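There are two complexes below, and they share subunit A, which is joined by subunit B in the first and by subunit C in the second.
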Partner chain A sequence: MAAWTDIFVLGLVLSNFRLLASSRLTVMIETMVLQAFALTAILLTLADRPWPLRLIVLSLVTLAVKGALLPWLLRRTMRAADVRREIEPFIGYNVSILAGIAILGLGFLIVQPLKATVVPGSASLLPGALFTTLTGLLIIVSRRKALAQVVGYLAMENGIYAFGAALVVKEPMLVEMGVLLDVFVAVFVMGITIYQINREFDHIDTDRLSELKD
Partner chain B sequence: MLLSIVLIPAVLGILAFFVASPSLRRATLLIGSSGHAAAVVINAVHQAPVAPGAWIGLDAPGLLFLEIASILFAAVAIYTTGYLGRESGHVVSDAEEGFTIANRPEVRFIGCLLLFLATMSLVCISRDLGLMWVAVEATTLVSAPLINFHGHHRSLEATWKYLLICSVGIAMALLGNFFLAYAGHGQVHLNLDDLLSVAPDLDPLWLKTAFLMLLVGYGTKMGLAPMHTWLPDAHSEAPSMVSTLLSGALLNCAFLGILRANSILNAAGSGRFSSELLVFFGLLSMAIAAVFIIGQADYKRMLAYSSIEHMGILALGVGLGGLAGTGAMLHAVCHSLTKGMLFLCAGQLLHVYGTKTAADVRHALHAAPRTALLWLAGFLAITGSPPFGLFISELAILKGALENGRWAVAAGYLTALAIIFIAMARVVLPMVFGAPPLPAATSGAAPRAREPRWFVIPATGLGLGVVGLGLYIPATVWDFLARAAVLAGGR
Partner chain C sequence: MTLTASILHWLAAVLLAPLLVGVINRTKAFFGGRRGQPFLQVYHDLFKLMGKGAVYSQTATWIFRFGPMLGLAVVLTALAIVPAGGLRALFVFPGDFVFLAYTLGLMRFFTVLAALDTGSAFEGMGASREMQFALLAEPVLFAGLAVLAAGSGQLSLSGIYNQLWSAGMRPEGAPVLLVALTLLMVLLAENARIPVDDPATHLELTMIHEVMVLDHCGVDLAFIQYGAALKLWLFAALVTGLAIPLRTGQPMVDLVVTIAGIFITAVVVGIVESTMARLRLVRVPQMLVASLALSLAAFFWILR
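And then the complex of A and B:
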């Protein structure tokens, strides 16, 4: 199954480049759906067969939350705030992709010393997960629109979730469910806040939220 | 039953969303507060030993932070019932810029306040680090609407920064939790007791990486520099009782997350690594707080930076260990009580003067004598003057540093404390004693502001607590604090 895991990790990595390259928010949200499928597949291919019932339940819930509920929330917010695209990011799209390549290489280097001790799994999982996490961070700091930052937060959360995928069979399900619930509520609350920011300021450019400072 | 500590405020909080009558709704706050306090006392008296592998359990550090949260919430509940009575029913204008604001629905405010207490209590009693993470993230989510109560542009900005920075920070802590599981080669549950019992077998490299992630993650929420940037904005824009809870209870809960990780590293024999990091971040936080307190024009922001300073002192004390660790536990109690009192006073001053700029608040001793006296006492307490409890705890941390031969650390600690004392005195003393900005009021006596009982009683109560801890600490209390410090990984 390790070969299949590698393929899905590759899918995750490629989806990150799509995220870095796109200015349209609909494309970014679509990419989140792709990542949800990749994550669920990684979750399943890492586990031994036959799959225990709780793993099947967990992957279904993951798919439902990350693949359907969260994108729906994001699209709703996008319509409410009436934004379509990220017009001028702090870091341009070409530079973003170059930075992404550098981060990917860095990810492989960083996990080198940790690799020997890792839980059995796929060799590409750790660098792939690290890359997804860092891509999310890059999106958060390099985009102006609040909604694009939320997508970045989700990508980061996906990367961390991929780190946990190797452990999921051992961990109690309550925790996994709690994590999913928290992410869902986080995006919900952020969505409401974005809506209010849009109503108050007529824009959701976070760099113009700069009145509070020392 | 231990879970009642979480369930009482949680159920009441959800009920509060459906109560139509405002007075009944405000009463749920008081009921929730007293119910929570009773549950904490009952569970503290009949403290059952923590069952191995249990999801929840009560140990000394958890109980300590739970008690702090309960006391602060009691003060906040009394204050809030009066505050909402004053704010509701008529047009409210922004204290700073004078435009009218539409406060967010009171239903949501009261409900979230109670849910906030429930989630913080869950943090304090979690034995499973995963559950603890879920609870810490939940505290962020239920407190965001509280910060945004006034719903104007500044509070929205503060809310957005709070939500995004803390969520990203806490995500790092989740990564830290997964790394802890990696350190156990995927064979250990993230249960605190399980991890402590197998600690020597954990992989040291993963363990140290995990601690770093947890420190950065929970440190963001705790307000350790340089991850503190959300804190001054959120604390200064939130209504005062929310600032009280954020500063006095929430920051402690995040600190508990770091303490749990610290105890695991100690048990694994990597205690030196974690305590040196804590000392470093502690001193850095104190230094950065000192820089921003100097010349701070906004007195609520000044209090926020003071919280960063005191979180630094807590990290420093635990990092030094021994007597300093016990001092840090006492410091947590005293800081929360004092900061609660100060934020309530700040809210009152903001109401009387309609500004957060310290330079525009003058001669408060005349305009609002009780508030001014409490404000002055709070200033003396928070800067560690005798006879307040913070003097004892800061002295204990200093002694701990000197006993360990950490002269450089002690010197840095004292310098930061001295700078902050002078800088805060320059802000606070003119506010209390300074001459009124205009030549003495025509009739000689400017109208005195009303100082309602719902403000004076909780603020005075918190102040008396700090004085009490400064004058006399019973041996049982000291033993309890020492036990908490040992369990928190102070060596």
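And then the complex of A and C:
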């Protein structure tokens, strides 16, 4: 199963590059759906067969929340705010990709000392998870549109989830459920906030919010 | 038995390469809702061109005539070191993937020289674009092959491909698939297929490869088109060997599977061409940078 885990981690890595390279918000949201599928698959391939019931439930909930509910919320917000694409990111797409390569290299470097603590069969999982987290961070700091930043936040959370996946096979279902709930609430609040920002200022460019005066 | 299979693969490439182009055209026609040209149309075109005489400009020198000949000879040589799946190629020596990259480089160099030799500003433009994209595609090819070489500890293409998808394979599956993907992107760039260049267009501002061969006719043009088909086969064989996880150990079965895989690659190329729009010229480097990113990702993966 280790080979399959590797392949799905690879899918996660590729989806991150897609996130870094795309300017269209629809593409970014679609990528979130892909990441949800990759995460679920990683979770299932890591576990021993036969899968325990709680694992199946957890993966179904993950898929429902990350793969359907959150994208639906994001799409709705996108329509409401009437933005299609990230026009002028702080960091361009080519440079973003190159930064992505650097981050990936960094990820593989950083996990060297952690190797011993990883569950067997998931040697590529930690660098992949770290890369996803840092990609999310990069997108949050380098994109102008609030919606793209929300997607970055989600990617970051996906990375943390993948970190957890290495351990979730053992126990902490409760933690995962808690995280899922947190993210759901966060995106829900952000959706409302973005809508309000947009209604108030006719745009969702966060950098221009610093010009607010009373 | 293995030697026979190697020779058969080379022969299959020589005989079936134009059919590969036919398959791509039919796939595109299918997606366009048309029936499309017959599979053998490319052969008919080549025969027609072979029967025609050539017209040479008075300002063109021997380089102009030499280019197509050398291109064909070089690509036939390069095919002899490309393994079919896990089978040995006709010639195997350490570092032959460097040889492969630079024989193809030589082919491109002379195509460009022949284009410049005509003195047409138009062809010069195509030549400059070709070199610009080749400059970006070559590191991708090398990075991909370097991943395989470093991962497997082998220095010849046949050695690398031979141990893929067998027990205890190094490098393991995920980076190999990643390299297959980047090589597919290199295939599209090197063979002037759609996201990079449109082989069907004859609009001046968009052409890259076609514009360089505008002044060639007759036998020369046949050589160029045949060489292009062989080059397509070569890259398709490289991609197929990585992407198809089937090594039976029976040389003949492996050969048939590989050839089927090569045609599947052609169908995939046709689907890519049908579903994607041609990238703007300024976006092409971005695509190639992205594929470089993927092969470097694979590199980190195996160095882990």
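As a convention for this text, the second predicted complex is superposed on the first by the 208 of 214 C-alpha atoms of A that agree within 3 Å, B and C clash if a C-alpha of one lies under 4 Å from a C-alpha of the other, contacts with A are read in each partner's own complex, and residues count from 1 in each chain.
The working rule: contacts are C-beta pairs under 8 Å (C-beta built on N, C-alpha and C of every residue); 3 or more make two chains touch, one makes a residue touch a chain.
All figures in this text were calculated on a predicted structure; none of them were measured in a lab.
Steric overlap between subunit B and subunit C is absent once the structures are superposed on subunit A; the two fit side by side. Shared-chain residue A:A123: touches subunit C; no touch with subunit B.
Look at A:I87: by the touch rule set out above, it reaches neither subunit B nor subunit C.
Look at A:L60: by the touch rule set out above, it reaches neither subunit B nor subunit C.
Contacts of A:F108 after superposition on the shared chain: subunit C is touched, whereas subunit B is not. Which of subunit B and subunit C touches more residues of subunit A: that partner is B. Contacts of A:I160 after superposition on the shared chain: subunit B is touched, whereas subunit C is not. Of the two partner chains placed by superposition, only subunit B is touched by A:V189; subunit C is not.
In the superposition on chain A, A:A146 makes contact with subunit B only, while subunit C stays out of contact range. Using the contact criterion defined above for the overlaid structures, shared-chain residue A:T133 touches subunit B, although it does not reach subunit C. Of the two partner chains, subunit C is the only one touched by A:L10; subunit B is not.
Overlay on chain A (Cα): least separation between subunit B and subunit C is 19 Å.
Common to the subunit B-facing and subunit C-facing surfaces of subunit A is no residue whatsoever.
Residues of subunit A touching subunit B in their complex: 113-114, 117-120, 133, 137, 140, 146, 149, 153, 156-157, 160, 163-164, 166-167, 170-172, 174-175, 178-179, 181-182, 185-186, 189-190, 193, 196-197, 200-201, 206, 209-212, 214. Subunit C meets subunit A in the complex at residues 172-175, 177-178, 285-286, 289-290, 293-294, 296-297, 300-301, 303-304. Every residue of subunit A that touches subunit C in the complex is listed here, in rising order: 3, 6-7, 9-10, 13-14, 17, 21, 93-94, 97-98, 100-101, 104-105, 107-108, 123-124, 127.
Across the interface of their complex, subunit A is touched by residues 55, 128, 130-131, 133-134, 137-138, 140-141, 144-145, 148, 151-154, 156-161, 163-164, 167-168, 171, 174-175, 178-179, 181-182, 185-187, 189-190, 203, 205-206, 209, 232-233, 236-237, 292, 296, 301 of subunit B.
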